[in-house]
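Shared chain: chain A. Partners: chain B in the first complex, chain C in the second.
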Partner chain A sequence: MMQELIQGLKDIVGGEYVSTHLEDRFFYSRDGGTMESFEPDVVVLPQDSNQVSKILSLANKNKVPVYCMGAGLTLSGLHRAISGGILIDMKRMDKIIEVNERSRYVVVEAGISQGKLQAYLKKNYPHLKHSMPDAPPAATIGGNVAIHGSGHLSFLGGFHSDMVTGLEVVLADGRIIRTGSCSVSNYWFAKAPLPDLSGLFLGWFATTGIITKVGLKLYPAHPLSDVRVLICEDPKIMEEIIFKVTDLNIAEDIITWMTPKPDWARGFLHCNVIYGAKTKDELIFKRDLLFEQVRDLIDKKVTGFLPLLPFMKKRFLDVPGKDLVRFADVRKGGGFEYVGAMIPTNLFSDAYKLGLDIAQKHKVAYSLGSRIIGNSHSMMFFYAYAFNRADLADVKNAQNALYETNKKVIDIGGIPWKAEIPAQKEILKKMDKNTKGLIFELKKLLDPNHIMSPGNLEE
Partner chain B sequence: MYKLNYDPLICKGCKTIDCLVKCQYQDFKDINRAREEKNKILNGEYSKVLDDCRTCYGCEEYCPNNNHPFYQIVELQEKLNIKNVPDPIFKQQLRMMGPKNRIKTQSLKPPIIDMCLFPQLIDNIKGKLYEGASIIWGGDIFCNIMWLHCANMSVILDRLPKMIQNIYEYYIKQSETDEIICFHDECYGAFTQLAPAYGIDVPFKPVHIFEYISKKLDELKLHIKPLNQKIAYQRPCSNRLCSDMDEKLDEIFHKIGAIRVKRTYDKNTPLCCGSVLRIQQKDREADEIQRENISDMKGTGARIAVFNCPMCMMTLGEEVAAQGLFPLHVSDLVRHALGEI
Partner chain C sequence: MKVTDILHRCFRCGYCKFPSNYEDFNCPSYVTYRFETFSPGGRMWVIREWLDGRLETSNRFKEILYSCATCSNCVNHCAFPDFRDMLLDVFRYAKEKLIDEGDVPPPVRDYLTNLYKFKNGFGIPQKKRFEWAEEVEDYDSKKHNYLLYVGDEACFDPVANNMARSTVELFKKINVPFGILTTREISDGLEAYNLGETELFKEIAKRLLEIFKEVEAKKIVTISPHSLYVFKKIYPAFFDMDFEFYHYTHVIRENLSRLTNSKIFKKISYHDPCYLGRYLKDYTTVRDILSFFCKDFLELSRNKKNSLCCGGGGGNFYTALTQKNLENSAKKRIVEALELGVDCLIVSCPICLVMLNDAKKTLGLDDKIEVMDVSEFILKYV
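Then we have the complex of A and B:
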């Protein structure tokens, strides 16, 4: 049957875009994180939604599992073919379909990379930008919205899934559906005022369908930008800083970072506040507002703005940021994974302490930080642990640290982001029974043959 | 421990109180008020001067008796715990700029150029001016007198003697020279003014960058093409610890045919580049001073702004350029006259 299926796939996308080669299957079996490898039986690279539709019809008819991959950069192994079967690599689906300048949205195929969209907008619409995650630019738009990613405009616009204005999705049986305004109108301007069906596909780890097109909000790209970095030594003060700074609605992005390397950073908590402006006067006006907002803390000498010379600011204004990527190789050997935990902003101190305790217990190289999401209703708190991939004991140690972090994050009231399978199970364990039941019913409704990413969102 | 060598009786008997009356950042037109505040300082009591001091080093230069009024202020600020920089910033900078114990013994060929903690300007050390030069820099030889801007003298007195010793032990002892060319005024001021004020021994010969360049220009006389350019000069705070060296700059300018334009904020009344005010969280004041400073530079008709202090250059360079002046380090100005740029 597999041979027939492979031939069927070749008929759909062309022979050169289907592979069963061992090398390819190995490459697709893993990512940069600590999760063990699972090889797909076949890898296929479709070019458009119709091809995805045909692939899913074929898989559904043959009850063959299907997994989906963007750039494979979640680091939590979400694209791994746990039950074998077909792995769909979305990267050929990278067209920019429409930019609506006045309504500030773009419609793209889901496999387009963040970098390609960024470069296109810079060249053709320099006054517009989309929110870039701090992932390598190869990360895809579809993959990132599907996992509720966040990025350098998240204070302004929330999670990247909040910035979605509409989706095109291929269901398990091959039907192509649309969510949001584009299901009624030619314009992909909003999810409202319709029943928000996009919620059936965002955060579901591709168990309900494969996102093939995304309508995404764009934001003004100001010609000038600045970063101010506040520093303190006490996490409770940092909570206060975050509360004050987010009370002032000038930032595009607010990030905290805490790391023991380099040595001068150890023990200090930093908060980067990044904002844009059309003119220098506006930039200074915003800087002064920010100062006034934390003035009482500065007067107490418990915080202050780091004196950054112009050339020093560049690293903080780079989009995407490169500091985490630098950290990724701190142990050499190229292993790096992080638990991104969604937590309410008021849990900052607990989340920070949790990270320090675990890093100390497991003796792992760590980098902690957070990105404030949507006016500070929540934050993505990240616990990054570097490890040497060539050292299995080191990998195991990092894996244990991550697992423990996930569990403790749930204990304090947070939820692991883009959770690895063990963490997915922990989340489901803690979840309200009726909610969980509804999730399973919806999955069954949309995927009766259980072919979509089996192994994910399962107890 | 090291103790400041000054005579309080000289200050008590001072008729002019130049240290306060001439201050550019505090208003002491009334000499009686100045005397009142000075007496408080001499008695080790709180004075508003301690809070209002912008740490420009100016009073060290204004004092006709060389009685170290600025160091008196810094010592008292520290003693009374008057902080002009937020704690976490001070602590982090302290660690960032602390000794790294990475220094290694080297036999160096002269001239030995001490770049202090400014590797960013290493590219300036090239051409005929610096032919064959050896460069040293880093946290293990950092003069540390920047802590004067942070109301802290004890860190300087703790670190500076070790740094001096490092330079001697690791570099000078096995090299062919006992001269260290100080690229930054701060180092020169630390070795020749602050160290003697506290009785710290300096077992090598510090040479100011201006002295070195001026002498070198005599050797390179035949290569000089007079610039005939008007130059606005940014005199840094640390040069006020070695005022005599400012005359050396005039000598250099004369030799390369550059015209140091007369401006309000040069010589005895230079303005802070702004970096110190920013670390002290006084951004608005820094903006104003920078605006005033650059506008003064522009008003002279100069096309080039010349810097000696790397920190001034890194702080003001971009804005100066945005205002249409060409920012240059003094080394590069000289290289320009030597036809290398």
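Then we have the complex of A and C:
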């Protein structure tokens, strides 16, 4: 049967884009994090929605599991083929279909990289931009919205899933459906005012369908930008700083970070406030406003602005920033993984303390931080732990620290984001029973043969 | 640091697949195959598995290794400055091991056999090397300032040969005293080195250096940036030597005043070859020449250290592994040049000249854009 299936896949996408080679199955079986490998039987690279539709029909008919990968950069191993079967790599689907300048949205194929979209807009629509995550630029738009990603405009616009204006999705049986305005009109301007079906596919780890096109909000790209960094030693003061800065509402992006390296940063909490402007005067005006907003804390000598050398400024303004990715080499070992936890902003101090305790307990190299989302309604608090891939005990240690972090995050009232499978189970354990029941019913309705990413969102 | 010390340090983040502005994938083998295993990070991970004995040698593995065009985009763009300079050493280390096992893909084997037997990768008897150059003088150190080292591609490939002929004609026109090794030139050996056949490389390099010494060469000019690179950077790692090396475009730039500065009204652009650009960091020589003649010089957005490789390096000119599928970087390059609106795409490497001309033909765009090297361009339009 597998041979027939593979021939079927070759007929759909062309032989050169189907592989059962051990090398490919090995590489696609895992990611850069700590999760163990699960090999797909076959990797397939479709080029358009129709091909995805045919692949799913075929898999559904044969009841073969299907997993979906963008760039595989979650570090939580979410694309791994837990039950074997077909792995779809989406990156050949990378076309920019439409930019609607006046309504400020773009329609793209889901496998397009963040980097390609960023470069295209810079070149062709320099006054527009999309919200980039700090993930490596290979990360796909589809993979990122599918997990409720966040990025450089998340303070303005919320989660990247909030920035979705519509989706094209292929269901398990091969049907191609649309969500949002594009299901009624030629325009992909909004999810409202229709029943919001996009929610059936965002945050579901590809268990309900494969997103093939995304309508995404764009925002004004200011010609000038600046970053100011506030520092303090007390997490309670940082909570205060966040409240004040977000109340001012001038920032595009607000990030906190706490690392033991470099030495000068150890023991301090930092808050990067990034803002844009059309003119120099506006930039200075915003800088002065920011100063006034925290003046009382500065007067009390509990915070201050970090003097920034030009190279530091550039690093902080780089989109995507490379600092976090380089954290992977602090143990000279090619790896880190992070718990990104969605937490209400008022829990900042608890979240911070939790991270320090766990890092100390497990003696793991750490980097902590958070991105403030949507006017401070929540934050993505990250607990990144580095490990040396060549040292299995070190990998296991990081894995334990991650597992414990996930559990503790739930205990304090947060929810692990892009949760590894063990953490998905912890979330479901804590979830309201009726809600969980509805999730399982919806999954069953959309995927009666249970072929879509089996192993995910399961108890 | 040993190459095996860095294998596990690849984070598979994929920065290495891109140019600086991330506009599209910039690893030619990944552009062709599109499986992650054909990206630089993919190679790192697969090689580690193979060296640790968890993957066996297979045709796929060999294809993964040998379809690397050694373009060095990954070396320039990997996010980890501490070890990125060693990426190509890792790939070469694995290829050396395959050579030791005697287990390489047939086109690689054929290339190396030709090189061994014929002292050129084309498998053509050496006496035919300079059939096209009967009028060119044998190098005489007393008479000639420069020894022109033409190299395999520009001697034997008919399209690349136009570049050699034009360079010879142009040198004559601007009175550059030069000669060639009419009976003695052999391959520079770079592709043997890149393909992991280090012993053959050393043998060839040693012989070529002896020839250079025998004829008392001092200043050696190459047509191919690949030759220039191997002479300047790899030979000295193995042998003591004392020569000056130049690219033919360096000589043209030196002698620009001997050419009329008639402005050419053509829209042109320049494709930076990996071995002159990313490897030797020379981004100005050709631009100086072209802007001397041309009003409308346009830059491709992937230029200089971000140039999109034509896919011909690392032996792929001979093995065609990067040309296996319908999509490839050479075709992308032609489309980019057309989208830029140029009539003429200039190159300065015989391999690029052939690869891009082939791509243009395959795309059926022969009448839409010219692809020519710097000398051909000057001779035709100045």
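One rule holds in what follows: the second predicted complex is superposed on the first by the 456 of 459 C-alpha atoms of A that agree within 3 Å, B and C clash if a C-alpha of one lies under 4 Å from a C-alpha of the other, contacts with A are read in each partner's own complex, and residues count from 1 in each chain.
Going forward, contacts are C-beta pairs under 8 Å (C-beta built on N, C-alpha and C of every residue); 3 or more make two chains touch, one makes a residue touch a chain.
This one's a predicted model, so the numbers in the text were calculated from it and none came from an experiment.
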(request) Could you classify chain B and chain C on chain A, in the superposed arrangement, as clash or fit? (result) fit
(message) So if I put the vertex at the Cα centre of chain A, how wide is the angle out to the Cα centres of chain B and chain C? Nearest 10 degrees is fine.
(response) 70
(request) Quick one: classify A:310 as touching chain B (first), chain C (second), both or neither. (result) first
(message) Touch test for A:84: chain B only (first), chain C only (second), both, or neither?
(response) neither
(message) Touch test for A:28: chain B only (first), chain C only (second), both, or neither?
(response) second
(request) State whether A:422 touches chain B only (first), chain C only (second), both chains, or neither. (result) neither
(request) Name the contact category of A:203: first (chain B only), second (chain C only), both, or neither. (result) neither
(message) Once the two complexes are aligned on chain A, which partner has more residues of chain A within touching range, chain B or chain C?
(response) C
(request) For A:264, select first, second, both or neither according to whether it touches chain B, chain C, the two together, or no partner. (result) first
(message) For the superposed arrangement, tell me the lowest C-alpha distance between chain B and chain C in Å.
(response) 19
(request) Overlap the chain B and chain C contact sets on chain A and report the shared residues. (result) none
(request) Mind listing the chain C positions that touch chain A in their complex? (result) 8-15, 17-18, 21-24, 33-37, 42, 45-46, 49, 54-56, 58, 60-61, 64, 79-80, 82, 301, 324-325
(request) State the interface residues of chain B toward chain A in the complex, per the touch definition above. (result) 83, 85-89, 91-92, 95-96, 120, 275, 278-279, 281, 283-284, 287, 314-315, 318
(message) List the residues on chain A that touch chain C in their complex, please.
(response) 16-17, 19, 21-24, 26-28, 31-32, 43, 45, 71-73, 89, 91-92, 113-116, 118-120, 122-123, 136-138, 322, 325-326, 328-329, 332-336, 388-390
(message) Per the contact definition, I'd like the list of chain A residues that touch chain B in the complex.
(response) 231-233, 263-266, 268, 284, 287-288, 291, 298, 301-307, 309-311
